[in-house]
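Below you'll find the structures, each written out as structure tokens.
Two complexes come next, and they have one chain in common, subunit A, joined by subunit B in the first and subunit C in the second.
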Partner chain A sequence: MKAKRHYIITWSLLLLVCLTSLLFGAGTLEIKQAFAVLTGQGSAEARFVVMELRLPRLAIGTITGLALGVAGALLQTLTRNPLAEPGLLGVSAGSAFAVSLAILFGASTATLTTLVSQAGALAGCALVIAATRIQGVGQDPVRLVLAGATLTALLLSLTSLLMLIDQRAADEIRFWITGSIAGKSWDQLTATLPTMLLAGAIVIGAVKPLASLALGERVAIGLGHRPGLIRLMVIIAVALLVGGATALAGPLVFVGLVVPFVARALGGADIRKTLWLCLPIGPAIIIAADTLSRLLVVPSEMPLGVITALIGAPVLMLIIRARRIPTL
Partner chain B sequence: MPNPLTTFLLKQTLGSLVLMAAITGVAHADTREVETAYGSVSIDGTPERVVTLYEGALDAAIATGIDPVGAVITRGGNDVAEYIQPKAKGIGIVGAPGETNIESVIALNPDLILASAQLSKEQYNLLSKIAPTIVPDFTAFTPRTWKQETRLFAQALGRADAGEEAVTRVEDKAAEVAKLVESTLDADQRETGLIRWMPQGPLVMSEGLFSASLLQAAGFNVNSANIVKDGRPHSHPLSQENLGLIDHPWIFLATLNEDGDEALKAARKSPAFQRLKANKEGQIIIVNGQLWTSASGPLAALKILDDIANAVNNFATTH
Partner chain C sequence: MNAPIHTPRETPPTSQVPDPQRLTRGYWYWRAKRQRWSLLIEKRALVVNTVLLMVLVLCSLASLAFGTLSIPMPDVLLTLQGEGTSMHTFVIEELRWPRLLAGGLAGAAFALAGCLMQTLARNRLATPGIIGIDNAATAFAVASVVGTGISLAPPAMALTGAAVATALAFGLAGATGTRGYRFIIAGLAIGAISGALTQVMLSSVALDDANAAYPWTVGSLNARAPNSVHALTIGLAVSYVLSLFLNRALATLQLPEAVTTSLGTHPGRVRLMGLILSVLLTGLAVSVAGPVGLIALLAPELARTVSRPGSIPLTASFLAGAILMVVSDLAGRLVLAPLEIPVGIVTALAGSPYLLWILLRKSPDINR
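== the complex of A and B ==
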């Protein structure tokens, strides 16, 4: 009964946030006119703003939020660490570095290759998993985050190095790396869709074995699962999701932390329940942050990455400040 | 009661001092005092090893017939701006705008350093130990700024007349282009904006920017929609919902891409850009960002005025 109530609340919240994002923007369009578009009327100008500018952002925000929320939940269960977040652990930074490299070699952000981003995320994931194998780091949630921060710092300094090589690329990288879903088109969304769907299929296949792996390796083996294979599948899914999201919106830190945190607070530690709750919460947070980004510095817009960091940093402190960090 | 001997010696000394001063004055007939942001700087003779730490200074020096030995790269490039490269062959690079490599400056052994108005006191203290350093002290982003700077640099170089000539040449050319604009475009067709396109939206350039002031001098009406903060060269990326603010009959689109069409293609991916009047009418003029948004000085001005005249002539032949 209680679980059902959570679903109703989170999904209606998402619906509300989506509606707001279509009604509010940095432009001069009145809310009344934007609402008219939703009821099938409205001027050509209003229809353009709502359907061609705000709707693609809504769609991209939805996919990005889904991907980052789910990836965070998976990574946290896999590493048994509530702080394991793609942004904090260097997965996003790996992806950002790969994309910056691609920009330097001539791929403009518009024609950005999702695959490059995902390959970078996969390399980042591999390094994270390697770090968890180091004695002491894997057991201590905060130390893993420190290892991730080190990796992120290294990759960011390499990215800065790329920006020094070519000023022209630097401009493009700088605007992309703060994170934004403004001015993105449907093409970019459809470019990431196949790999996102693939990741979704992997998650559906891996979630049950992963839940048993969370009970211990022996339990998983006893139930007929192969822990090595499960880990590999989850890592690939995380890389596809984070890489795809980063290709769309730039590296967004903290989203993968906040979304599963809220989901667990509502539904408990079971990964299956967490994932179901991440579905509405992830998009809701990104879309709300994006809507806020349009309203703060009219007639310009704030980068989305700034808003998500402002929301996420306090949550990280909250989790660390809690007397005992639960290991998952 | 003064001792007669002392008085005598004093008179002699004073006399020779006066004489010495007179002789020195003759020997350094072209000693000049230049008023800079950090006080009056005295320069004598014709400087032979000039280092310019500012694109406007490099341009002014070459325009007045001096070939500097060192310069900084253009914003967004790896060398001095393309437009001036043929005239600055083999020039030493001593850093980027605002990031001077002091050691490379010393290595060039300059006898005069021309810097930008933004040079900090700390940097000035270092540089002025190497050679007399000229830092302009004029209000930034006014139509007069580049002229004042050109005259100042020319004076420091001992080429005040050549500097004045260079400024006049630009003024004459601007008047010429303005005549062309007036005879070709109706009064309500002269509204324009200067922008750079980012994936998020356009950066709108300040009306006081060097190239924007030349557009104005050439008879265009530059409108930055009041969204550029005072003292800033451009706005933050404008939200695509607000492109109505730059929906003028003409848009000059500056790009740092080598391939200008590439920049236009990227901008046209945005449905909001496609709706702009200037895009539908084919009056988006792609211009070189190094020249239009980074450079300054009389030579750059002539090139920019050429670009403007070409755009208007193209319009005249297609309409």
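== the complex of A and C ==
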């Protein structure tokens, strides 16, 4: 009964946020006009603004939020660390670096960018997993995050170095690197869709074994699962999701931390329930942040990454300041 | 009636009488006639600091000589004596010397602040750059530049920002204290919030204002106002002398609190003074060089490896910071010439792998 209420609340919240995102914007379009478009009327200009500018943004925000929320929940369960967040651990920075490298060498098609970004994310994931295997770091959730933050700083300064070398690439990278879903076309979205769907399929296949792995490696083996295979599948899914989201929206830190945090606060530690709750919460947070980024500094816009950092950093403080960091 | 709990020994052990020869091994000492003042100089520190000073001089000369226009060393020396050609004089006195001065002083200030903060938080990673104090100073300075209705000058705002972030970081430390990793992560969050606020301000103002504020956001030695270098010089000199007076009290902070108190040191007061000094140093250094925070970690680490174990190498950190900053700036100017890599990126590239190494070692003891 309680669980059902959570779903109803979160999904209706998402609907509300989506509606707000379509109705409000930085332009001169009035709310009444935007609403007219939604009911099938409205002027051509209003149609253009809502359908060609705001709707792709909404769609991209939805996909990004889904991907980052689910990836965060998966990575946290896998590393048994409530702070393991793709952005903080250097996974997003890995794909950002890979994309910058690709742009430097002249890549500009959306499909290629997505694949490169996912390859970078996979490399970042591999580094994270390697770090958890080191005695000491793996047992200390906070130390792992600190190592990840250092890796992020290193990769971001390498990216800045690339931007220095090539001015043309710099202009392309600069806006993207702060995280934004503005001015993206449907093409970019469709370029990431196949791999995102693949990742979704992997997640559906891996979630039950992963839930048993959360009870301990021996339990998982006893239930007939292979821990190594589960880990590999989850890592690939995380890399595909984070890489795809980064290719779309740039490296967004803290989203993968906040979304599962809220989901766990509502639904408890079971990974299956967490994932179900991540589905509405992830897009809702991204879209709300994006709408805010449009409205706060009218008529210009703020990078989306700024808003997510302003929401996420206090949550990080909240978790870290708790007397005892919960283990997963 | 009362049996003695322990029987006193017949003869006092000889070690109770301090043997001046043994106590002062490794030191030069000098004592005034009435024995009220004495001076104790550690030989190893003297050697280390002399070597560091020589390295600093060599690096500075190299920094004056190399660049887009390479000047041979004899000409550099001639120019410094005031006998160079007019072009050499212009390049060295107008372009390279102010930059060298700004870099060296800022590096020294960052390093001294880092060494102080590491010591009083008893945490190796608790340096201004890592716990977000640089970023906060930058955010406040940018707020002043872009004109959000605050009339304080940017350097003063940088100081305010550093103070606010330090108060926040140490104030929130609360029950868990400043030792261990949680303190550092909380600082990381403070840094992230400050960075985001900087972005908010930059994206909400007109392009001209944003461009004026841009130099504050990257660690670079370009385009600094001369008066902030003057402020840094004075602040650094005062803080250095004060921190030397504080050195003895800081050393006793390493002991358990009860021991510290019984030795006549007020731990809270010493911490507060150390914090004020490091805030002052960080704010002034940020106003000259921007957020080049990793120097504050690297230089004290370097200084500790060459100094006597257990000592607090204030002077060595000071010199090492200046050396690192001058060398990073030189490398940034030369590696991709004619492009110039901002010094903040050079230090991040050099420093992050080292920090990773500290974090990933098997049993890193970050607590001091």
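Quick note on the criterion: the second predicted complex is superposed on the first by the 323 of 328 C-alpha atoms of A that agree within 3 Å, B and C clash if a C-alpha of one lies under 4 Å from a C-alpha of the other, contacts with A are read in each partner's own complex, and residues count from 1 in each chain.
Note that in this section contacts are C-beta pairs under 8 Å (C-beta built on N, C-alpha and C of every residue); 3 or more make two chains touch, one makes a residue touch a chain.
As the structure is a computational prediction, the values presented were derived from the model and not from experiment.
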Superposed on subunit A, are subunit B and subunit C clashing or fitting side by side?
clash
When the two structures are overlaid on chain A, which partner does A:S180 contact: first (subunit B), second (subunit C), both, or neither?
first
Between subunit B and subunit C, point out the one touching more subunit A residues.
C
Identify the partner contact of A:V253: answer first if only subunit B is touched, second if only subunit C is, both if each is, neither if none is.
second
Determine, under the contact definition given at the top, whether A:E301 touches first (subunit B), second (subunit C), both, or neither.
both
Classify the contacts of A:S160 with the two partner chains as first (subunit B alone), second (subunit C alone), both, or neither.
second
When the two structures are overlaid on chain A, which partner does A:A147 contact: first (subunit B), second (subunit C), both, or neither?
second
Applying the document's definition of touch, where does A:G282 land relative to subunit B and subunit C: first, second, both, or neither?
neither
Per the contact definition in the header, classify A:G42: touching subunit B only (first), subunit C only (second), both, or neither.
neither
Check subunit A for residues that touch subunit B in one structure and subunit C in the other, and list them.
297, 300-301
In their shared complex, at which residues does subunit B touch subunit A?
73, 75-78, 198-201, 227, 235-242, 244-245, 256-257, 262, 266, 269-272, 275
Subunit A - residues contacting subunit B, complex
25-29, 48-49, 52-53, 108-110, 166-168, 171, 175-176, 180, 182-185, 187, 294, 297-301
Seen from subunit A, its contact residues with subunit C in the complex are 83, 131, 134-137, 140, 142-143, 145-147, 149-151, 153-154, 157-158, 160-161, 164-165, 178, 253-254, 296-297, 300-303, 305-307, 309-310, 312-314, 316-317, 320-321, 323, 325
Okay, in this complex, where on subunit C does subunit A touch?
125, 172, 174-176, 180-182, 184-186, 188-190, 192-193, 195-197, 199-200, 203-204, 336, 339, 341, 344-345, 348-349, 352-353, 355-356, 359-364
